[in-house]
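Heads up, there are several structures right after this.
Heads up, the next two complexes both have chain A, just with different partners, chain B and then chain C.
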Partner chain A sequence: MGKELIKLMNVYVSFRIGGLFTKVLVNVLRNINLIIYDGETLGLVGESGCGKTTLGKVIAGLIKPTSGKILYKGKDISAMTKDEFLTFRREVQYLHQDPFSSLNPVQTVYTILSRPLIKHKIVDPSNVEEEVMELLRMVGLTPPSDFMYRYPHQLSGGQRQRVALARIMSVRPKVLIADEPVSMIDVSQRIGILRLLLDLRKETNMTIIYITHDLATLRYISREGRVAVMYLGGMVELTDVERLLTRPLHPYTQILLSALLEPDPNITRNKKVNLRSMDIPSIVNLPPGCKFHTRCPYAINGICDVKEPDLVEVETNHYVACHLVKGDLK
Partner chain B sequence: MARASLRKTYGKALSRTKENLVEAFHALVEDKLAMSGLIILVVFVLMGLIGPFFIPPPTPSPNIYAPPSLQHPFGTDFQGEDIFAKIVYGTTSMLIIAFVTGIFITIIAVLLGSIAGYLGGYVDNVIMGFADILLAIPQLPLFLILAVLVKFLDIVSLALLISALSWPTAARAFRSQFLSLKERDFVEASRLLGFNSLEIIVYDLIPNILPYILINVVLNAVYAIYIVTSLAYLGIIPFESNNWGIMLYQAWAFGTIYNKRTFMYIMAPIGAIVFLQLGLLLFSRALEVIFNPRVRTGE
Partner chain C sequence: MSNSELILSIRNLTVKYRSRRGYVNALRNINLDIYRNEALGIVGESGSGKTTLALAIIRQLPNNARIVSGSIIFYDDGNKVDLLTMNYDEFRRYLWEKIAFVPQGAMNSLNPVLKIKDHFTETVKAHNPDASKEEIVRKAREVLKVTLLDPDRVLNSYPHQLSGGMKQRVMISLALILNPAIIIMDEPTSSLDVVSQKIILQNLKDIMRMFNVTIIVITHDIGVVAEVANRVVVMYAGKIMEVGDVESIFYNALHPYTQGLLKAVPKLRGEAELYSIPGEPPDLVNPPSGCSFHPRCPFAMDICTINEPSLKEVNRGHLVACFKYETR
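Up next is the complex of A and B:
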């Protein structure tokens, strides 16, 4: 594993929602501690509303944490000088989920790709056009001259996502946060985008943080990487992808995996999801103790509904936040 | 070396602009309504610019209240002046006031609307609070009172005064456009690429509402014509004898509406106003065709 690149220390994010008199504080992320190593692939998985997108945006510096620190290459990003922050901005990029909203509708592909090149003087002004062509070739939009002067509305979802990727690659990022990059794309084009992400990773050795609720695509992207499972704004399990898939320890992860579809429909049909309650608790009104105890089939009264478990290393490189798992291995 | 590369980049940009213009022209030819708006407007502009060189200025003559004839297409008025000549001589100032006001209102509205919409919070509250106060005051009575206090000296200062009081509606519209646009992912993407707020407003947001801005110039020009005509009709603009609004008032005051022979006396200024407004409104369609890439490329 490479050296530490990004380090999140006790990150909390809360938003105020509601009207003038009925404001409530919502804790979207609670006590996130995470180290991201140079060159690794990290998956963030969880149900919708668990805070994975927020965590991605916090890492990209788009959302300021309410408390806690984010270190990039050992430096706190909130205490950076203007130049340092601009470098951080450039090196940590975020790929949006919706390619229909992430490209400016009135700019041609050429304008979209050349602007960052000119702004950051990445290539000599005379080479901008060649560089744009090279970027388009890199993301598989060939021949580039067919796409250079098109507007986003003349491209398909997959092609738009490729342009968005090319724009990100134009600033030579070190970290790419991909927020469900294939969920809005035609199923037939998904594998192409995923393969492209893998190729780009191999070529540039960048770190990829892959946010998803789809464990199948996660496995495709980060066969050797790690994965963090999130539930209601907290991290419940963090380990290698293979280990998570074969030996999940947290009850939530086990249930998440059992929800995966099997090729044999009979197995899927007879599968029972072993949950005490199907409803995910409201994030506005979080349950006390372990946030999963209201649904967990193994929850013990008096422990799980009182004290929130910490994320502890139960085996090498396998972190779990569960009272039962700790007790099991004691 | 550097110059050669610069020429290359600019040359590319120029050839793209040319291509866009050709595309826009083709789209314009296909849209009949937009094209007719453009033609009406061009006729009025020519009338205002070169009309006075061909048509002698209206002079009083004993031939009063003459019916339409070849010599006087719309007849003559109460002092025997040719009505057609008066319409032509009134065009220039009407066009100047319409476009100066339209452009000024739009500039003020885009500036204040973009700042309020993009920055939000306290700045937004102050600007929009001020806009609300101005919106609450009825415009025409306000001008009536101002006419007592300030002397309207020439058409440009009048245009500026109208602009200074009439920006709130447009500013509100631009603000709401900015509010919705700034939430789009491409703004966040631009921020991630290191662009600052000014660059985002100028390069990302304004081009998105450019057709809307230009249409606003035209709509505000329409509004300015209404206001100026009304003020002239009410006798508040004393420095213009050939103003269409004043002609309308005179035609009305001298009872020409009750006489078949002088029917064109009152219809000529009304027709001029209606056609100019219609031309402007249809022309705003043409702007949409030219500046919206979706409409232009026909998809």
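Up next is the complex of A and C:
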């Protein structure tokens, strides 16, 4: 693994929601500790509402943590000078889920791609056009002249996502945070986008943080990478992708894997989901103790509903937050 | 399937949408038989015409759509009726009583100011004004239990007090309340999280058995089809490319598009090999000549660019529209 690039220390995020008199504090992220290494691919996995997108935005500096610290290259991002912070924001880029709303509809592809080049003085003004063409080639929109003067509405979902990626690549990022980048794209074009991400990573050695609910897609993008599983704002398991798929230890991860549909009737129909309660608790009213105990088939009364388990290294590079797993392996 | 009883028979159905750029060929010459008590999966990418097909069956096509030709015969206890030509007032009785539709993102179709209980009452009273409140609530409890909901909590809740997964299950219960013969579901689980999705789909099989209902599931997700369907229809560019039972489609796909689609789905096990269908989906205002898939097909022959293949039975119950299989 490379050097420590980003370090999250005891990060909490809470939002106030509700009306004027019914305001409640919602803890969206609770005590996140995570080190992201230079050049790795890290997956953030969980169901909707688990906090994975919020975590991605915290890492990108788009959401300020309520408490806790984020270090980028060893520097606390909240204590950075303006120039340092701008460099950080340029080096850590966020690829949005929805390519239909992330591109300005009244700008041509050329404008969309040339703006950051000019603003950040990436290339000499006389070379902007050449660079835009190079970026389009890089993301597989060839010949570039066919795409340069088109508007977003003239492109398919896959092509738009490629333009969004080209815009990100124009500022030479070190870290790319990709939030469900293929979930809104047609099935037949998804693999193309994933392959492009893999190629870009190989070429530039950038770090990728891949946010998804789909472990199968994550496996394509990062076979050697790590993955963090999240549930109701906390991290429940952190290990290598292959190990998570073959040896999931947290009961929630096991259920997530048995719930994932597979494109094979014989396999998928034989997987059954075994839960105490099928509905996820509301994040406004988090249960005490382990947040998963209300649904966990193995929950022990008096332990799991009382104390929240810490994320512990139960075997080398395999962290699990579960009272049961800790007990078993020690 | 050949000895099963027909419930819906679609013949030569062609639908176009008027658009600024010209006519969009949303459905082209669709022929499809649907059998009683089967779970039919209709799979295709956006723009393949799968939702248009559903909307045509329930006669809810948008105003800019035109049915150019075709018939949809519904077999109703020995009677044959053409859903497309029957009087609309008469058809409205069929809707929900005989054929229920759960639209995409159905959970947003609940009325936010009505309790779930009132949704059931309104639905039943619209078809059967004499139904008593007690009877409706009793029936509602029954169908809510089937979808694994707690009737005591749900009946007295407003939609915003329920999660997305729960609302989706309420919609399925609502579709069941009048004992329809067919339920059409458009992307029943696409907006739900992984765990709710699996539980709802597992549950659909029990529902079919208990209510003797035919289910048509429309989806872009191959996994959903693998989970629930007995028979699968693969659509592309407004046409049916392949029809067969679930084993034939998944383990012996014939159409190059189906083969590509299956290979392009990320898998949890086996080699993580990357494959994608080359090219872009076709423009339906100017669909390609010949077979609509030929510009992207690795096996395209000269004839594919000129003539359009028709759906032919290759193995028993396994139909495919591809010239590769026409020489035999």
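Everything that follows uses one rule, which is that the second predicted complex is superposed on the first by the 324 of 330 C-alpha atoms of A that agree within 3 Å, B and C clash if a C-alpha of one lies under 4 Å from a C-alpha of the other, contacts with A are read in each partner's own complex, and residues count from 1 in each chain.
The rule is simple: contacts are C-beta pairs under 8 Å (C-beta built on N, C-alpha and C of every residue); 3 or more make two chains touch, one makes a residue touch a chain.
Everything numeric here is computed off the predicted structure, so don't read it as measured data.
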Practice item. Please tell me, clash or fit, for chain B and chain C sharing chain A in the overlay. Key: fit
**Study point:** Contacts of A:Thr81 with chain B and chain C, given as first, second, both or neither
**Key:** neither
Practice item. Could you look at A:Asp124 and tell me whether it touches chain B, chain C, both or neither (first, second, both, neither)? Key: first
Check your understanding: What angle, rounded to a multiple of 10°, is defined by the Cα centres of chain B, chain A and chain C, with the middle one as vertex?
Key -> 80
Exercise for review: Identify the partner contact of A:Asn285: answer first if only chain B is touched, second if only chain C is, both if each is, neither if none is.
Suggested key: neither
Exercise for review: Look at A:Leu257 in the shared chain and tell me whether it touches chain B only, chain C only, both, or neither; answer first, second, both or neither.
Suggested key: second
Point to revise | Partner, of chain C and chain B, that touches more residues belonging to chain A | key: C
Review point. Given the touch rule stated above, what does A:Leu103 touch, chain B (first), chain C (second), both, or neither?
Key: first
Study note, to complete from the structure: When the two complexes are superposed, chain B comes to within a least CA distance of chain C, in Å, of 7
Exercise for review: Provide the residue numbers of chain B that touch chain A in the complex, in ascending order.
Suggested key: 1-2, 4-6, 8-9, 12, 16, 184-186, 188-195, 199, 203-204, 207-208, 210, 293-294, 297, 299
Check your understanding: Within the complex, which stretch of chain C touches chain A?
Key -> 45-46, 148, 163-166, 193-199, 201-202, 220-224, 226-227, 246-247, 250, 260-262, 264-269, 272, 274-277, 280-281
**Study point:** Touch list for chain A against partner chain B, complex
**Key:** 60, 62, 86, 89-90, 93-94, 96, 98, 101-107, 115-116, 119-120, 124-126, 128-129, 149, 151, 153-154, 164, 167, 171
Check your understanding: Which residues of chain A touch chain C in the complex?
Key -> 47-49, 156, 158-159, 186-192, 194-195, 198, 213-217, 219-220, 223, 245, 255-265, 267-269, 271-273, 275, 278-280
